[in-house]
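In structure tokens below, several structures.
Two complexes follow with chain A in common, the first pairing it with chain B and the second with chain C.
And then the complex of A and B:
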């Protein structure tokens, strides 16, 4: 063979380790994808600033949980509250004015928001990288020759809980129903007395809170907290697309699938193949099923 | 049940989209408990009228240039759409506009978005299902997959879920079999008579609209061309020729016909359409 593709190995413990690492990475992708899906599903906006939202969450976690040294639960509460307020600021300060504008203009606005967040974090936190968070359990145990970190299990549990909460929220609460109605047809929703403005505000607040959770979790597994962690937004993008941008469950499956594929590419082909393989999977899924695996087209019988 | 009690008075209403005038000095009154039809061809300004009353013009970059819309003595012009629904105005939008991915039940519940009385909402749902009994087995169906007639029933039921004092129906008949349209109009009359709900229908199907309404208006190119009792307009030769005459469903274009003299002079003069400079 002319091309040397790293070391293929059939060693089961190596493959198990890659699987576990992939699922852990996939859980992080799922959190990020969930943020994409929330906003896209409800407001039709592809929010390219979500990686920056998450970075904001990670830095705020540093401030409240490390620098201010608040009690863990109080610190998390304050973190999520601050994120919620930032979500409202994004809506009432910026996105509200963009309602009714073209899709492309709105996507560009989110890129602008991303730039502003990066700049503000640089101004207030400086360019120095910070040590990653260490508040979640740090131990690990062995299964079949592979190491499982406690922190990954915690991340798994939190992600599953978030998905369950969102599912119940959309299915069984009035606000959740109104959010789905606005997503289906904003004018009809307004005609029924639903205030789209309020629904959008809640959506951005919820997405920011999710980014707070994501930042807190990712802050535990990233190499260090610095300006580069916003890249998680772009890296999780294939996960959101593979799952279908409108499906909460899809974002989870998409996250796990892409995470595992990336880890196997990483282990068997080498690190440089990780992202090309992930994006190739995205392309293939888009070619075969343009709405993603679980995304749905609007049902309309004419 | 919600009674009547609120009359709708639209006075001197002029609405523009950018530089284009869609409504020009329109005066329409829906008396409390009344059944009023507004007739007109495509582009007459019928849907603009609905958007003006329900404050949805902003979604189409339209605005009210002058005039007033008063519901029960209180101006509703400039209020937000949720407040107008709360004030008692519900609508069945043109083209039904159901939430296609939501179930029938969820669609109906969205109609009650302006209400905070949870037990009252369940009661209204029950009443709506009594009125449209064939929707009962479809409650958990996805609304986008229903037939056109079923969808229109959901749309009317959804509007009733807010317990309106005024129900506005925009092109109820569009794309539906005549039998279903008849049935829907009979239901509207029933709602009007038993609940005292005022009804405003915006229609191209003039014969049905005139058959069920007390009063009617003919809108053309953004202006009220004729108004009177439904019986009066039914007997009007021009209305007969344009909207009821031999052509039946296939109306001749209004502009293509030479107009006979008007049965009744316009009350607000005949200015040329206003365009913005």
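And then the complex of A and C:
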């Protein structure tokens, strides 16, 4: 039935190419989803501004690495530092006052932040689109008739490294332990002498650094850097949800699964099916397991 | 304790209840005045009309105050739509304003400092359409607590139904498309509300957002199948018109072809205003009845609501169906009013715009939806005027270099500031103002 829709082909090299493209896309989704998960896991905030944070990262990468022409590692360091400071500003300036507010009010305030970032980027960078970044290795090689870009491999490595680092961070460091405690029960954690304010600030800073990394990576694979790249934030939602919004490893698996499914829908059914299929997969997962594949389950008492 | 000793009973003896005629007479006067003024006073200038209007309004307010029920209210009286004299005066004033506004906007009156009067008519009509959609959004998200981002999907559904019923079947019959869209909106809305039975908060938000993308796919397929990528034309031959058997109505003069086409801001106003007012009154009535109280109970805690004997599933689906039906109707109105609808009429930004409207106006308040949409559409106009006319703003080059971007930034900052410091929004400020007014009046004449 489904096959009657599009130009289905059983050619293995085409399918392999789609698989590789899907994995590459999935790696990007995983980076973005990791940012969602970090914030949601500790602060219970669904950050709809993450796409804009990523866009901010990509534009800062343009400024520091292309316009200012800094050394690559120095430039990345400055980029991540700026993003970290920006995360602290977001927490201490805005989100701190919103703790304890209703769920939808917090979602809407992230939308407000997103709107501000979009307007400021338009003012300071203008609506003209820029060429994508080309600082990571640009070549490609062939595997079984399909092309693999070096950039995708680098992205893969960076994502795996980030997840590993965060995993170790949450498991073995004091701050990671504090973050988990605050996520579990903020009042009990505060009673144990943990400062939730500081933990939240660190969370936002970490998420913003992740957005900087994501912007840097996505800036290499997007068609062009303009204001439309914020959409990656919305498109990565299914990935975050499929994996479970509280699971770091889940964001990787969710990202890859959704990326591959989307790429196959894109190849066999047409571009317009990309988002409906991804969100339908998310929908089915939500109906079967409302907290995603590896999400934390909450009990509710009356 | 006997009845005479009981102070509450004594107080209840001093009750005053106006007759039904007395209760509604101020409204009738307020509604009739502009018509009489408009029909009889052609040779008066604007200021005379304004003076007469204000005099009659003062009389109406006096009567509304005098014919106020006093003493303890019964439950039935307490649940009335307009309970207090203040409520009723504001309602009468609003109704009067709505009836007079188009005549003022259509007159060639020029305010001082080039205030942009002429462009306001289009803005007012857009505000009417958006107020209807935003109020329905607020009914679902604010009152019933069912977080949904599928709002724009129902605007698109309204456009599709308007395209099928209003353009393809009947060649511009908007009157047929409106009930059809309401029906389709209710059915599809109930279906899109099904995830709400299992999901809550965040996950419901994401599921309804998925529905948005599915509806966009349907929209794209429909558009491509019948109209190509240019969008549906609701203007020209497809403009709505008044049927010939209704041409005897006052104020309707058919053109030389014997048709009365609804075009131009003035005629559109008289189509949009009654529909918006009626649908908003309908939603207000839903809120104060049993069904609306059930919505609020489900919002506050659905498990407790089910223990009170509320059918939670029915309540949730009803909220989705009602809201979606009204939104689909506003989608039809927007399609026919704006004239053409393409794919970019229904992007994600439009969902965010509606969210901005209900936040700035005031969350979970129908009044707030109206304030919010007025603010949303008037802000760019005011800003434009300030940039061109106010001397201390005109000289700031930065502002005139980036008008639309700064407009966007203002909206973003407003959302953040209002959510942080004044979560009630404009409706809350209005309420505070009224309280302050009544307090200071009470201090002056105790």
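Going forward, the second predicted complex is superposed on the first by the 293 of 302 C-alpha atoms of A that agree within 3 Å, B and C clash if a C-alpha of one lies under 4 Å from a C-alpha of the other, contacts with A are read in each partner's own complex, and residues count from 1 in each chain.
Operating definition for what follows: a contact is a pair of C-beta atoms (placed from the backbone, for glycine too) under 8 Å apart; a residue touches a chain by one contact, two chains touch by 3 or more.
Owing to the predicted nature of the structure, the values given are computational and were not obtained by experimental measurement.
Q: For A:276 in the superposed arrangement: first (chain B), second (chain C), both or neither?
A: After superposition on chain A, A:276 lies in contact with chain C alone.
Q: Please determine whether it is chain B or chain C that touches the greater number of chain A residues.
A: C
Q: Can A:142 be said to touch chain B (first), chain C (second), both, or neither?
A: Neither partner.
Q: Applying the touch criterion given at the start, work out whether A:97 contacts chain B, chain C, both or neither, answering first, second, both or neither.
A: So A:97 only meets chain C here.
Q: With the two complexes superposed on chain A, say which partner A:286 touches: chain B (first), chain C (second), both, or neither.
A: A:286: touches chain C, not chain B.
Q: For A:112, decide between first (touching chain B), second (touching chain C), both and neither.
A: After superposition on chain A, A:112 lies in contact with chain C alone.
Q: Find the residues of chain A that appear in the contact set with chain B and again in the contact set with chain C.
A: 300
Q: Going by the contact rule at the top, pick out the chain A residues touching chain C in the complex.
A: For this pair, the touching residues of chain A are 46, 94, 97-98, 101, 103-105, 107-109, 111-120, 122-123, 231, 234, 237-238, 241, 245, 272-273, 275-276, 279-280, 282-283, 286-287, 290-291, 300, 302.
Q: Once bound in the complex, which stretches of chain A touch chain B?
A: 100, 174, 177-178, 180-181, 183-195, 296, 298-301
Q: Hey, which residues of chain C end up touching chain A in the complex?
A: 141, 147, 195, 198-199, 201-203, 205-207, 209-210, 213-214, 216-217, 220-221, 301, 303-304, 307, 348, 352, 355-356, 359, 363, 402, 405-406, 408-409, 411-416, 419-420, 423
Q: Considering the complex alone, what residue numbers of chain B touch chain A?
A: 54, 56, 59, 61, 80-82, 84-86, 91, 93, 97-102, 106, 109-111, 113-114, 142, 144-148, 158, 162
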